[in-house]
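Presented sequentially are two complexes of subunit A, the first with subunit B as partner and the second with subunit C.
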Partner chain A sequence: MASALRSTILRHIRIPVSQTLTLNGSKLGSGSGAVAFRLFSSHADDHLDKEEVSARVLDVVKSFPKVDPSKVTPDVHFQKDLGLDSLDTVEIVMALEEEFKLEIPDKEADKIDSCALAIEYVYNHPMAG
Partner chain B sequence: MAHWMKNLKVQPNSTSLEEARKRTFEFFRLACRSIPSIMEIYNLQDVVSPSQLRSTVASQIRKNSHVTNPKVIDMLLFKGMEELKNFVDHAKQRHHIIGQYVVGRKGLVQDLGPKDEGISNFLKNFYNSKYS
Partner chain C sequence: MGVSSGPRLSGMQKQVLALYRGFLRVARSKSPEERHRIESFVSVEFRRNSKQIDGKNFQYIEYLLRLGKKQLEQLKNPDTIGLSSLSVNSSRIKRS
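Right, the complex of A and B next:
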């Protein structure tokens, strides 16, 4: 039954083979370049550029309740310039962890005490996203 | 996060203030890292933001910043850890965390600092007065 149906249908249906092939071919042709590009650049492509990192780090610091946003510049020191204490510094580092989806080990986190160091660390971190 | 909190043991006493200080920061980091899962467990997304909870934890720690005895700091850290573990293990209910850490002691109006200027002073004073 099924095979009979199949053969009847196949006998009556005509597919314009040449046309679809060229269509597919042209689609493939245009798409293949992009695909190859994605394949070869999978790592470098999604790495953040320095300006974006810098802007996002500064946003995090500015949104911290105790910080005066007008004082925040890329090379500001958390404790000396912004008047924060060590606990605030840890809090900012945790906020950065959340923003960039990282887990910064304690030893590294202790060293981050200024915006410049934070930007540097996040920029050099391969998993920052 | 929760998996290694399960087999948490009482640490030996801190030998110096410096060590106790280090442990405090470790505890703070641990608490901060478990905030996302706590928000997930208690459905806090529309009530509070992670950064507010972080600030609350920090202010709880800062409240005891005058303590200089390492043994007392160890005890406070132990209690903090107990509290955190209770939250992570879902041993508490939603209103506990909202009442203690979201609404907090200051009542319904949080005065978190210079950025809270939108709220009228009248309401702020009213909530801070002994109306209840």
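Right, the complex of A and C next:
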């Protein structure tokens, strides 16, 4: 009885096509919006891979004009091992800022005096890109 | 004032490095040619001073720090496109 009633009612209901289309359309729209948002947020959340951070930090240091690229390893100290001075160190840290699109506050920047610390800092920075 | 070799920086050294960093940062906001000019000028200037000035001449270093900060403020103004005016200033401040 109930099912007969239901089919009778359903047979008489007509939903205008245009309305369904709009509905689909808006669903589709919000769907792709969600995807775009997820892509964006996953980009911001995603930590860079440590290997990648390390390789890019070393590249920045190697490309510094006063540095002998063959001496650059993840363990080198800018001043003790590479013969740089504190002004050079400032320049390297600034170059790292540009490479990873960061702004490193003075207090932090003053502490970064080796490749190891630079890699550590960038790796732990949530905004490094 | 002898560019630092040790890991520990004095307060004054930190100020000098912060000023240097400030100049490099502001250089980024200018046109590429001007940026390059600012970077090389500032780099030469800081290195020259670090070799010529006695690191214990605090008064003179303080004076240069104040001067540098003032020049940095001028350079931060978006209307300042470069530092040609600064080089005029710096030739005026030849050490006494």
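Criterion: the second predicted complex is superposed on the first by the 85 of 129 C-alpha atoms of A that agree within 3 Å, B and C clash if a C-alpha of one lies under 4 Å from a C-alpha of the other, contacts with A are read in each partner's own complex, and residues count from 1 in each chain.
One rule holds in what follows: contacts are C-beta pairs under 8 Å (C-beta built on N, C-alpha and C of every residue); 3 or more make two chains touch, one makes a residue touch a chain.
What you see is a predicted model, and the numbers here were worked out from it, not measured in a lab.
Q: As a test of reading the superposition: which chain, subunit B or subunit C, is in touch with more residues of subunit A?
A: The larger set of subunit A residues in touch belongs to B.
Q: Contacts for A:E120 in the overlay, against subunit B (first) and subunit C (second): which applies, first, second, both or neither?
A: In the superposition, A:E120 touches no partner, neither subunit B nor subunit C.
Q: Identify the partner contact of A:D106: answer first if only subunit B is touched, second if only subunit C is, both if each is, neither if none is.
A: In the superposition, A:D106 contacts both subunit B and subunit C.
Q: For A:M94 in the superposed arrangement: first (subunit B), second (subunit C), both or neither?
A: Both partners, subunit B and subunit C.
Q: Is A:S63 touching anything from subunit B or subunit C once the two structures are fitted on A? First, second, both or neither.
A: After superposing on A, A:S63 lies in contact with subunit B but is clear of subunit C.
Q: Could you say whether A:D81 touches subunit B, subunit C, both of them, or neither, answering first, second, both or neither?
A: neither
Q: Let me check the overlay on chain A: which residues of subunit A are in contact with subunit B and also with subunit C?
A: On subunit A, the residues that contact subunit B in one structure and subunit C in the other are 86-87, 90-91, 94, 98, 106, 109-110.
Q: Can you list the subunit C residues touching subunit A in their complex?
A: Listed in rising order, the residues of subunit C that touch subunit A are 3-5, 7, 9, 13-14, 17-18, 20-21, 24-25, 28, 43, 46-47, 50.
Q: What residues of subunit B sit close enough to touch subunit A in their complex?
A: Residue list for subunit B touching subunit A: 25-26, 28-29, 32-33, 36, 50-51, 54-55, 58, 61-62, 65, 112-115.
Q: Can you tell me which positions in subunit A touch subunit B when the two form their complex?
A: Residues 63-66, 68, 86-88, 90-91, 94-95, 97-98, 103, 106, 109-110 of subunit A touch subunit B in their complex.
Q: Tell me, which parts of subunit A touch subunit C in their complex?
A: Residues of subunit A touching subunit C: 79, 85-87, 90-91, 94, 98, 106, 109-110, 113.
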